[in-house]
Amino acid sequence: MTPSLLYAFAGVALCSIGLFGFVRIRHLLRKLMAFNLIGSGVFLLMVGLAQRGGQPDPVPQALVLTGIVVAIAATALAVVLIRRYYHLSGQTTLAEPRAKRAKPPAPTANREGSPE
Amino acid sequence: MTLGLMAGLLFTPLAWAVLTLLVDFRKGRVVTWLGMAVQMLVSLGLWAVVASDGGFLYLLGGWQAPLGIELRVDGLAVTFVLLTAVVAAACGWHASIYLDPDKAWHRYFWPLFWFLWAGLNAVWLGGDLFNLYVGLELISLAAVGLVALGGQADALRAAIRYLMAALLGSLAYLLGVALIYGQFGTLSLAGVTALLNSAEVPAGLSFALVLMLLGLALKTALFPMHGWLPPAHGIAKSPVSALLSALVVKASFYIAARLWLDLGGHLGSYALAQLIGALGGIAVIWGSWLAFRQVKLKQVVAYSSVAQIGYLFLLFPLTWGVSDAISLQAQQGITLQVISHALAKAAMFLSAGNLIMSVGSNRVDALAGVSRFLPFSLFSFGLAGVSLMGLPPTGGFAAKWLLLQASLASGQWWWLGVLLAGGLLSAAYVFRVYQASFIDDTDIDHFFHPSRSLEVIPMILALLSLGLGLMAEPVLSVMSLPFEAGRGQ
Amino acid sequence: MIEWALDGLLVLALLVTAVATLASRDLFRAVVMFIAFGLLMALVWVRLQAPDIALAEAAIGAGLTGVLLLDAARHLGYGRADPCEGQDSDDGQAGPSR
Amino acid sequence: MMRFLGVAIMVAICLAFAGGLALTVWQIAGTPAPVNLPHLLAENLDASGVDHPITAVLLNFRSYDTLLEIGVLVIAGIAGISMAKTTSLEDPDLRTSDSLLYALQRWFVPLMLVLAGYLLWAGSDRPGGAFQAGAVLAASGVMMRLGGIPMDFLRPGMLLRFGLALGFSVFLLVAVASALAGSAFLAYPEAFAKPLILIIEVVLTFSIAMVLLALFVSAPVNRTEEPEEGEAG
């Protein structure tokens, strides 16, 4: 047992906490934070497990750097989509629209059907 | 020659993504036509080279595997590269006419389209576990961007749902990669396979394989994790739906299959294989049933994708613990299924787009009378449907025939029921669309007639899917070409 | 021994902030907890002899993601909310218990 | 009751997941990895053109990953600006008249620019590099933006698209140039490896900052009128 391995186990815990949140929470921003928690957990596990001997390993560190950039790209895109979605529908969850924003079905069909 | 082709294959989609980012939709369309021609030639050239000389490893940056990233250019990979070139070019061509050039946001279609293509090629050729992760993310984000394009609330809901599922799937895959790197200290798939074959199999790694397969199955929309697929594929513009159903879901399946074939023998188990197969079987029946029940035309096609993807997962039970001959038969059947479904489903979505454009409604029952006005598109739809049902002489039939033989030869007769029921149910939902379109009691007479080339493209794809059954032999012979691992570049 | 205590404490703080991020009823507080989590992650990376990731985590993980989320939380029916945004604020405060 | 059941099932799944994962980690940790990649890396570091192993991995040994990863960033940027509303740039609501922020901006922005420059320069032999520098640059941009400084170059126009594409295209051109010269895609000639990596890092810093900033700015704002493009079609 080395400190690195301790952090790998912390990564395991983070993954499952994040997974619980990701599945149970419906609010989209919170879901996004849960996704980032899982991501951090995976990164910790990756580096912690590879460095269990105590020596730094540059390869997983570089992979994690790549992973962090991919994660911020995904997060930023998701934030833009969520904000735009909220802007249009007033909703912060993925639940089907309630009756109050009911648009008549006929124009909906037309709109989806029209060439774009 | 080979080096030039490889550079062209990797460079073109990325370069065209940048080029089309800098111009507007109309110019981007012209630029894209050029790029599609280049990409098609390069893919054909590479396919021909591999067909005559066999596969090889391509060392990116000139670095050997554990340190650098190597691409695995074998028969299967180039077959899929060529398939991607055909389907993506068809969808791109269709999109260049179908999309309205006056909508400001459509200019962003082309860069996303090219990035998607680049990501697909990266996945087909990828031999490095982490590189495959990056390729998957490239595909997912480009696909989500394409679904969200235009930014309607419904499209955004579908896109966000899709993004969340894709991100969770990628993380599960990455977790498996972290465990495998921790165990072996290498990310090269070939290196991991060699280590597994040479030394005693370490305990506990099965969990890593299960995690990776789980994540990839989520991204492939295997039952019961298929909930995100129909909204996303149903609401996207038709060329985008075609790309997503035909190619994007296949990318994650392809990685799962490669992992299973390379690592599954050591890390998998009979129960796991049967479980995945059973989920695939349920997907076939449940997905077809839901397709039959849908009100909207594109939802029918989208649920049909859920069902057809189910067949692919029969690969897992049919290749585990069976003789090499049966395993090869199953692999060939699945590959044919991937190819024929890609062609047929792209044809189906594109012709569905034409039909919807023509009647101005997304509903199946709005199709009444369309047979008089758009027989050509309707015929493409039907031809593609025939391939999905698996009637001879289509590619779908050849695929299911091979799967049937593999099931019988391996003694797993229970998959026969899935193959049979799936075929009957898909016949049911295709005929339902046909029935609706032949009802002639409507007095609506203003059908919009889409341009001729919009109708030709799905027809070409449907005919290719039909013809695949007749030329299955040459395709299969290239696909299973022996892989010369030691050859290098 | 003291190092183990330090690592243990850091891991504990990490998990507590992670749970707090997901469990806090208030969206704004959740985001603040998330930023704190990012800063703690940066410390963890230093302990794992990965200064590069520590820098990136502090700048990207805590900094940029935090600002993005804060800004988004402000607009998603929290804080200086418009009247029209209020109607969905019950959704906005959904805890994990929902 | 149903909700309680759902939570209980999910807790059980998460605990099983954590248990399985922890067990696997423990089993893996018991055996040493058969491939010693750090050692291999140290042996080849001289040929990479940089002295810092992580920069060597990112921009030489595994540069294809980095190329695709920048692609992912550009995709996110494209998808983001395709949602953008140009009006939000002049939205007066965005200007925060916070005196703290003003002071921060006054002192921090120049400091952060210097820091970004340092990180970029340090990347070749010390911790630091294009990603960190780009992130810091973007953060200072965000700060300026919050301070209400109009940044016209972030309009979804030609300039923004050019900025998004710049880093990626330079990287791509270097990659294909080496392929045209007869070696593999992304194989730098050893004599030029160092300057090439440096050039790539500089343009990447710029592009990463640009993408992140564009994504921050393009997020739609509520208070504006109905979206003019969303209803069309």
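Letters are used for the chains, namely A, B, C and D, taken in the order the chains are written, and counting of residues starts over at 1 for each.
Everything below uses one rule, namely that a contact is a pair of C-beta atoms (placed from the backbone, for glycine too) under 8 Å apart; a residue touches a chain by one contact, two chains touch by 3 or more.
Note that this is a predicted model, so its numbers are computed, not measured.
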Taking each chain's C-alpha mean as its centre, the one farthest from subunit B: C
Centre-of-Cα separation between subunit C and subunit B, whole angstrom: 37
Computed distance of Cα centres, subunit C from subunit A, in Å: 13
Subunit A and subunit D, separation of their C-alpha mean positions in angstrom: 16
For subunit C paired with subunit D, centre-to-centre distance based on mean C-alpha positions, whole Å: 19
Residues within subunit B bordering two or more other chains: 100, 103, 130, 134, 137, 141, 144-145, 148, 150-153, 175, 179, 182, 185
Sequence positions of subunit A contacting 2 or more other chains: 8-9, 13, 15, 17, 20, 24, 45, 49-50, 52, 56, 59, 61, 63, 65-66, 68-70, 72-74, 76-77, 79, 81-84, 86, 88, 111, 114, 116
Multi-chain contact sites of subunit C, meaning residues that touch two or more partners: 52, 56, 60, 64, 68, 72, 75, 85, 98
Pairs of chains, among all present, that meet the touch criterion: A-B, A-C, A-D, B-D, C-D
Complex contacts: residues of subunit B adjacent to subunit A: 98-100, 103, 106, 130, 134, 137, 141, 144-145, 148, 150-154, 156-157, 159-161, 163-164, 167-168, 171, 174-175, 177-179, 181-182, 185, 187, 235, 237, 296, 356-357, 359-363, 366, 448, 450
Residue ranges of subunit D touching subunit C (in the complex, touch as defined): 3, 7, 54, 119, 127-129, 131-132, 135-136, 138-139, 142, 212, 215-216, 219, 221-223
Of all residues in subunit C, those that touch subunit D in their complex: 51-52, 54-56, 59-60, 63-64, 67-68, 71-72, 75, 82, 85, 97-98
Complex contact set, residues of subunit D against subunit B: 20-21, 23-29, 31, 33-37, 40-41, 44, 60-65, 67-69, 71-72, 74-76, 78-79, 81-83, 158, 161-162, 164-165, 168-169, 172, 175-176, 179-180, 182-188, 227, 229-230, 232-233
Subunit A residues touching subunit B - in the complex, by the definition given at the top: 8, 15, 22, 28, 31, 35, 38-39, 42, 45-46, 49-50, 52, 59-60, 63, 66-67, 70, 73-74, 77-78, 81-82, 84-85, 88-89, 94, 97, 109-116
